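Pasting a structure here, questions to come.
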Amino acid sequence: MSDYRLVAKDYKEAPTVISVGDELIGSDELCIIAGPCAVESESQIYEIAKQISEAGIKFLRGGAYKPRTSPYAFQGLKLDGLKLLKEVSKEFGLKVVTEVLDTSLLEEVYPYADVLQVGSRNMKNYQFLKELGKVDKPVLLKRGMSATIDEWLLAAEYIMLGGNENIILCERGIRTFDDSVRNTFDVTAIPLVKELSHLPIIADPSQGTGKRSLVKPMSLASIAAGADGLMLEVHHHPEEALSDGFQSIYIHQLKELLPQIKKQAALMNRTVNLKHQAPQIV
Amino acid sequence: MSDYRLVAKDYKEAPTVISVGDELIGSDELCIIAGPCAVESESQIYEIAKQISEAGIKFLRGGAYKPRTSPYAFQGLKLDGLKLLKEVSKEFGLKVVTEVLDTSLLEEVYPYADVLQVGSRNMKNYQFLKELGKVDKPVLLKRGMSATIDEWLLAAEYIMLGGNENIILCERGIRTFDDSVRNTFDVTAIPLVKELSHLPIIADPSQGTGKRSLVKPMSLASIAAGADGLMLEVHHHPEEALSDGFQSIYIHQLKELLPQIKKQAALMNRTVNLKHQAPQIV
Amino acid sequence: MSDYRLVAKDYKEAPTVISVGDELIGSDELCIIAGPCAVESESQIYEIAKQISEAGIKFLRGGAYKPRTSPYAFQGLKLDGLKLLKEVSKEFGLKVVTEVLDTSLLEEVYPYADVLQVGSRNMKNYQFLKELGKVDKPVLLKRGMSATIDEWLLAAEYIMLGGNENIILCERGIRTFDDSVRNTFDVTAIPLVKELSHLPIIADPSQGTGKRSLVKPMSLASIAAGADGLMLEVHHHPEEALSDGFQSIYIHQLKELLPQIKKQAALMNRTVNLKHQAPQIV
Amino acid sequence: MSDYRLVAKDYKEAPTVISVGDELIGSDELCIIAGPCAVESESQIYEIAKQISEAGIKFLRGGAYKPRTSPYAFQGLKLDGLKLLKEVSKEFGLKVVTEVLDTSLLEEVYPYADVLQVGSRNMKNYQFLKELGKVDKPVLLKRGMSATIDEWLLAAEYIMLGGNENIILCERGIRTFDDSVRNTFDVTAIPLVKELSHLPIIADPSQGTGKRSLVKPMSLASIAAGADGLMLEVHHHPEEALSDGFQSIYIHQLKELLPQIKKQAALMNRTVNLKHQAPQIV
């Protein structure tokens, strides 16, 4: 019925495990990607990177180019933001996950990113997906806000057909009639994708719910549903963030959440890929 | 901003715990409601009630009056179904949760039910909700398939304003563009309702996902998100069920799931309200 | 594929024309139903009935029982409202279209209504639809706000299977992600229903758009799409209306709109069923 | 409240009229853009261009680069398709409207197009919109399938802020729960956009409904609602089309539709911009 082939479980039974340098995504170890919505300044990204690194995080997220609904909203620090990401990632030994907006920016972003993120708004930019198929770095493919599971897997198929098998899917909420929260976070997509595809899938409960207080329960729910990891928006001063502060958790909340994530992972017979299994916080 | 008052956390901070005879819903003990979509025959409901009872279940679900999209589909055994529910519930010591379609059937269903279920299609039948406010039995209020959280809580407000404070909310999936599964199961509604209201909320992953294989992961996810219990469609021969067989789990699957539910509950510092903590199945 | 039979064009090729006393709905003459959202007082309904009657309107709408999202909102004048509707309809020779909330109110509303309206929230109250199948008055069946065309026609099938063939469908907008206006008015449903069914279909651009300024263009668009009539919310003082004033047009706007409706109808080779073809306003 | 400025009616009261060579879009004359979904072969585009030209059409649509959900579906003839469009447009004196998929293809498509089309899937590709702001050709901006009116106008704002004021909006249906037809064609968006913005807006009932038989009624409804023109998928052999044949009308249907469009336009005090006011077909 559906037209995807290479990404299907029929094509390859074993789960795909993706190498990001010496780190793995899709293995029994859950990956936790954390950081601010956007890189805002040197001090901001330095402080956040330092603190999440101390908490054990190995993957740093942060947007340098931001797709914003309004042209008058903060658009990101662009190349300067990319350079800052590179600097702090070196300083603290972090892998960088950052968004590429389209084909025209791929060359610029490439050297600064360990994982190239495709945002929700670009999931159906097929010309761009074809280009990503030729790239030798992993792609984190967010679900389009109005994409069916089938369309999402076909978007991954575009990339894989081009030759790049290193695709991480990321559920981030869909657009529905319900305006109680920012998006309707489709947790069910996680076990459903696991049935249909061999690709790893992680969850973004920050974007998925759009509300700080919901990040903790929905992180645990995502892991209970089978997610291979989480992407979390974290900020040292969310109330001053230039974008999406209301859905970013405080760093102390991240520190409190990690031990709970470990316990939830243990229930699923999995571990969490953190820098140090800091015994004092368990 | 919103217009609900009595159901709000502002009105009453402590969680509402509801008594169903000598059983509680909304306490630290999770309630598990299980049974077929519809009562189909004496042997069917007897067999299912017997087996789920042996598995430890204390609450039996089963529709006697079924709201069906097509008038040509099986409409339920009606009064005969209610009588069968009563019989087997006595035989096996189960509490009966069954749907009342509207005001005109309230008197008929009342003596046979321990919990009166309001289905998704009737959540906005305000005349009916007013009547339920006068009833001295607990109401299980399913979320309308296109109801916002605000509308859902206002529906509960109708009942509570009438004088009936014994309301259990039940998330069962909403209607969205995504046709990958039957409904989009809004797990986030669980912690969100917990923030806004003192009423207990349970989850129906059978209806919520519409797919047997997804019931297990989404049961665990619901509890991880903070649900006070689960409603599960269970059938001894789901492939022969007269309605919704594809989303009903087998009895052996229920038996396998219960120990996992217990572990997930334990992680949330909760227990599960089962007849016997049957050590052999843990 | 679909399960409706009696309402299908396959079952009966010729369009169904419904008699409301000596008036017809579904013929080449478009019907225009106008009036306030709710009956609010004797003077209000008298004034509106008088003025719309002078404008040529033959069908008066007005809710006596109002389904409201909040229990604290105005719920309608109930029996008093019904009596007022009857009075003014006699005085001005108008047919009354008014909502019945559910089975329990059917007996009460029956004597006061010429057309029994089923609201959007009750389209899937199948117990109620079965009761309406036994009634000898026409039913105006509004589309559920999250009902597919198939579900809508199956709701009509419930009524027709009970023996009542006098069903008028009414498109009133569906619930989608788009919050630009109150509902997404599905004009395409009109020609689609015309392809599938022999039942007449009218359009409610007041509820469909939720915005006064959009009522005129969407009235014309509905007729251009093939609608058999319109339901329009009209108020003499919309800014003081107890419900939905923002989507009610002023009486002078109705008077300006009618000649345009006539011209649009003429383009479709149809006329408009008005009391007098008042030459001065054309 | 909203953040758009340059596209707002507040900024510029008079409707924007756009020149495409010596043709205007947004004036009192409606523009009709017709042609196949995709350019498929020399003979196909030649035949269609010839016949629609004879019918009076001045704007030819046709995709050379096609955004397809599946990578295994026909992706368009690409540069060869663009060349064919140019050839037939010269031969028959037609303006070419064709889609540009993203920034990387802008330079290639530019010389072959009179109007650059942005597809629904790319409406939120802000990097691309910024590039289009620097271009000296008109842009036809289709509404994103899950875009609110506000987001759509902000997308236009991106282009206008870059310096390109020649933007034509095109309603093409949104994604909702309703699967009765391909999309939910939001006709109400037309008068709503007219209230909010000075930009011209046309309607695409082919994509909007996804069903050939609905193109005629929804074309008339769109004009009745105030559209400044139509985009119609037309094919000489729709049953053999490589994409979207089921929603393409036959050429003889276009010829029958044009006189009705003229009459509908006349009712709105508008005319239709056609090559010759071919008296024999009126």
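The first chain written gets the first letter, and so on, giving A, B, C and D; residue counts start at 1 in each chain.
Operating definition for what follows: a contact is a pair of C-beta atoms (placed from the backbone, for glycine too) under 8 Å apart; a residue touches a chain by one contact, two chains touch by 3 or more.
Just so it is clear, the model here is predicted, and its values are computed rather than measured.
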Which of A-D and A-C has more C-beta contact pairs: A-D
Label of the chain whose CA centroid is most distant from the centroid of subunit C: A
CA centroid of subunit A to CA centroid of subunit C, Å: 49
Intercentroid distance (Cα basis), subunit D paired with subunit A, Å: 36
Multi-chain contact residues (two or more partners), subunit A: 146, 150, 175-177, 179
Subunit C residues within the subunit D interface of the complex: 146, 148-150, 174, 176-181, 184-192, 195, 208-209, 211, 213-214, 217-218, 220-226, 263-264, 267
Subunit B - residues contacting subunit C, complex: 3-5, 65, 67-73, 101-105, 121-122, 124-128, 130-131, 145-146, 150-151, 154, 157-158, 161, 175
Interface residues, subunit A side, partner subunit C - complex: 146, 175-177, 179
